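Chains here go by letter, A, B, C and D, matching the order in which they are written, and residues are numbered from 1 within each.
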């Protein structure tokens, strides 16, 4: 039904030419050119390098948006195959090359079809921790291209080729980062009483912060507070003026997310104060909880069940503490984000690994999903 | 020179009839009666059961006070000798029976002597943590019996019979007690998020309090902050509403003592606040640092060197973290507090032990010291 | 269909005469007598005061067990109504009077019915933390009364009268208790260096234990480690020889439960060792995770939906961190445990509250459930 | 008596040409040349750049060593005077230029005198934390130049010009450094249960280490354990494999020093083990406690009292937690290390400050001390 050899070639081209957050210049040009060649209306430069292609409906149907992400990662590829990255230190290690190729394949097919509804193909920059989706929204994505529903898809190593997985409600975690600067007072290491030791304060904080998850959060709610960096001092002989702790938090519920921030601020400030130090806390909210709309999740579940059979669809899989900026789109418009199988994980073939490659065998299933979804929801 | 058989008999009588803080009724009656029998002016009932006997000088000399303590301890004596305690659960396990007997012996002798100066024999109640000396001062001791100098003496196991030890300046520690009530919010143990866990706050406080000594106090200053009691909760299933920590602090410097209190209040309040609890802190100042006046310490040192020879006098012994309420008297009047040997410590013959007994062989040395000191400073 | 006035009277009688763990003598006699009066075969004294009544089937059907719990709590009832507890300090504050009455009501009805299958009515003692269900199993319950499936039910304040709630898989938490004795070495509070401070070790342990939930357990798994009691020391002046921490743990997965125990032992032992103390850890496994069998849960869901309509059945409610000894029965035999509405919670009308009372309006729904379930699974 | 203009010129020359640890090539050449010009026997290259000049006695007297240190610091001088450092980033901010000049001045004078005893003028490299004194000893200093006693002197800002200060017994602290590498297991920050968090272990260690000083060391002993550096992690999203803590310890007693090392190893290893990490501890013993011999301290005290009068000599000043590698020499040979006044400290005129300068007014007092000491002990 779909000419896969072209789609595979596009995927290999994209893989060989990875571009990272907000610098997807060649990628977005490639995408826009293809969309135009299919006869779609194309708008470029939304939220930086974002692209939208529109296939107008014949009237009466819904307007829906299908989204793919285009950015690569700052990882040096270890693969040696022909389509390996040609850009030093960058690679498509998260399958966005496959996501983009599949959505292009579906767009080419749907461009030829008569549908009562309208399909908007959204290609976003900077999904990897930089919030390209948010940037597109801030740049008017849903004002310029209003939608009744929005859909996303991500490759999933460990899930068989030809299988899909999804979950209703909160499905991926919120993702925030924090930086705590503990301002103490430096002094010679032999005369601690003349200063205020920021490293001792850091030690107390690291311990006390554990109680946020262990005591303040409902045991039935998922939450993570990880301190991932600690830095302070540069000599054997000097207690430093300050020390820094950095980290991240995750939650599957907005109330829990708020609670974590409030508790973190309180615990850190108080302990610092008690030890003669001052805390400077930066808490930066990155991605919200990704919440799939129950009705659209049910609809997507039916689409994939029809496509591959009940046995190859995992419904109500557990949520994950990973984060995804499609969460911003689902805050604005109802919809569903699901996973498509990339085959059994072999050693090192996990996401963000220098040996990763999107599995071309998944391409037809992804394209078929988009096409079937269009027929189901935009007819 | 002195009739020791009487003094020994007095000591045994006192040992057999121990009385504790502010209940030294028979003891003070015994002391007052003896002092009167020596022909001294006697005043009773100062600061409760305190007694003062005065030997007037012939004129021109200084007025000095010699002090002994009279109270026993709430300890069940384990000794079986004839003069063992006849009062269940009470005993003279700190040698105050010997202190009182020696000062009585000296009073009897000095009553017969012509001295230009005046000697005031002060017998105080409740030295053991209850501040009987302070009570006497508050009851006007030094207003009613002004003194140019004040002197005290304590038995010391581990120091040879016939030996003395002393130190100029800060010699015994301040002694304060505290009680921290951590008010949290109780909840079922399976639902910690509905409460505020006072036990987790207690844990953080116990750790953070260690940094007062390790970081806030000058390493060259001696300090102790000991949490000696923790109490909270009464079931496997319920996080309690509150928890209590109790303890004591010691310092050899008033500034360090102030620093400890300030830091303790700050650390405890802040950590409680950060963990959603409220701290109720009672900090009770008990005994100040005992500071021997350099000049009088030098004078006492010369007196004991003349008495027993240079080899049997330890000058500038290290201070001790123990406390003594004679410190209150030295805050009001200059003077010196020293130690008299009670013989080598055998197993269990240490102070506050059920097997302790004041060593009668020390009696003549103690009496001689008081007599020689009177001659030296009140002539 | 069912004569409710009798059942209500039984419930009130049981409420007025509460008996606690393994002392349900009058209660079990009452139950046995009723079962006999219905014409059932009755066995008493299983696992202490447990009772089983058997309604034989006509042949060909399954054999299933329905279970109710009979014990009351050590709580002084605050209610003033006519059926309030007549036993000082004891009351039915967890609705077991209602559970027993409903199962008796169902037994009376089913005794008159022809069913191909056999129904075993199991009345157990000591559900409240004492493991009466476990005792019955150890006493041969399932050997003497083998069953194809086992079912339980519990009242649920906050759920409307006439509503039911249930969940497949892990539904209630495991419940374990622990006692940690930290053996240090006592010393005078002013001389900490001569001992090994068990209170400082306790403080470190309390903090470190928080990391079990915050770091060692998968954020997507529910877990609780609560230290609910701390005890140590009895004086301002003495660092004690030892201190004790007690608490409980909860998990919704057996692997997590094992992990918690292993981590607790490791953290506690290591910290004690590092601080010169020795830890003596008693970890007592009480109740396992209650796991509803998916097939039987689906069957029960259909039964209650037919009974009260889809809108009044909550399926896949969240699990709870509370524990229930029916979990032991579900370890032996497949089945399902569900909740029946006790009406909206008013102020203080929650379980284990002195103002609680089982709501008589729920009686017919409970009886109907047991009857309909019998018809569905034992026909 | 002594020609100060030359000595002042030497001091200025040395100040203008600072050289740091073991690179004192020009400085030692300058010293050796001067010593030869005075007619002394000179040996170079002992322990790197160390120099010894010998003035032979006429017989019958003691052989004593006088020591000065020659090294500068890696500090950019802020002074603008004519003799300011000409070497970028290096300066004499600890007065070793003055020490060297004074000892040269004394050597010139004593070279002309008849003394029965022998004086060995020892000029050592690398006093600043690098142990140049230790290196000279390892290179045979006291085997090649045996001595009955050894003496050192250091400038002291805050002490008046023409004053001296000294102390018998332990006077300066031992100085050790440690590095703790906590080997955990890295993982994604959202999945802490898959790793072993070295930062949480670091937090617990920082807190627990405070208890070494607060609990394990006698409150009457001085001790410092300072963690001065913490490093771990390099990203918001990744819990690192390992973390590092560095720091230093100080003690005024060898037993306390041993205790600190043993407790540090125990606390760190145990806590790491309990949290699933492994500790790699490097504990590097740098300088021992500097212990002045009582007899030689008394002799030096008499020398300086004769020189400047009793009022300008501070005896029994408190010890300091600073360290000094002359401690190695005093481990081998009895002797005394004392301080010479550098005048009242003004703002920023403290040691190791970019504005420091040795005060030339102190030169004659230092020279006179060496000469008088030689006459007193080597006659």
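We take it that a residue touches a chain if its C-beta (ideal position, glycine included) is under 8 Å from a C-beta of that chain, and two chains touch if they have at least 3 such contacts.
These numbers come from a predicted model, not from an experiment.
The minimum number of touch steps linking subunit A to subunit C comes to 1. In terms of C-beta pairs in contact, the better-connected of the chain pairs B-D and A-B is A-B. Taking each chain's centre as the mean of its C-alpha atoms, the one that lies farthest from the centre of subunit D is C. Averaged C-alpha coordinates put the centre of subunit A at 69 Å from the centre of subunit B. Spacing of subunit A relative to subunit D, judged by their CA centroids, is 57 angstrom. Put simply, the C-alpha centre of subunit B and that of subunit D have 42 angstrom between them.
For subunit A, the set of residues touching two or more other chains reads 190-192, 197, 200, 204, 207-208, 210-211, 214-215, 219, 224, 250, 321. Partner subunit A is touched in their complex by these residues of subunit C: 207-208, 210-215, 219-220, 222-225, 250, 318-321.
Those residues of subunit A whose C-beta lies close enough to touch subunit B in the complex are 190-193, 197, 200, 204, 207-208, 211, 214-219, 266-271, 273-276. Listing the residues of subunit B that touch subunit C in their complex gives 129, 173, 175, 177, 189-192, 197, 199-200, 202-207, 210, 224, 226-240, 243, 246-248, 250, 321-323.
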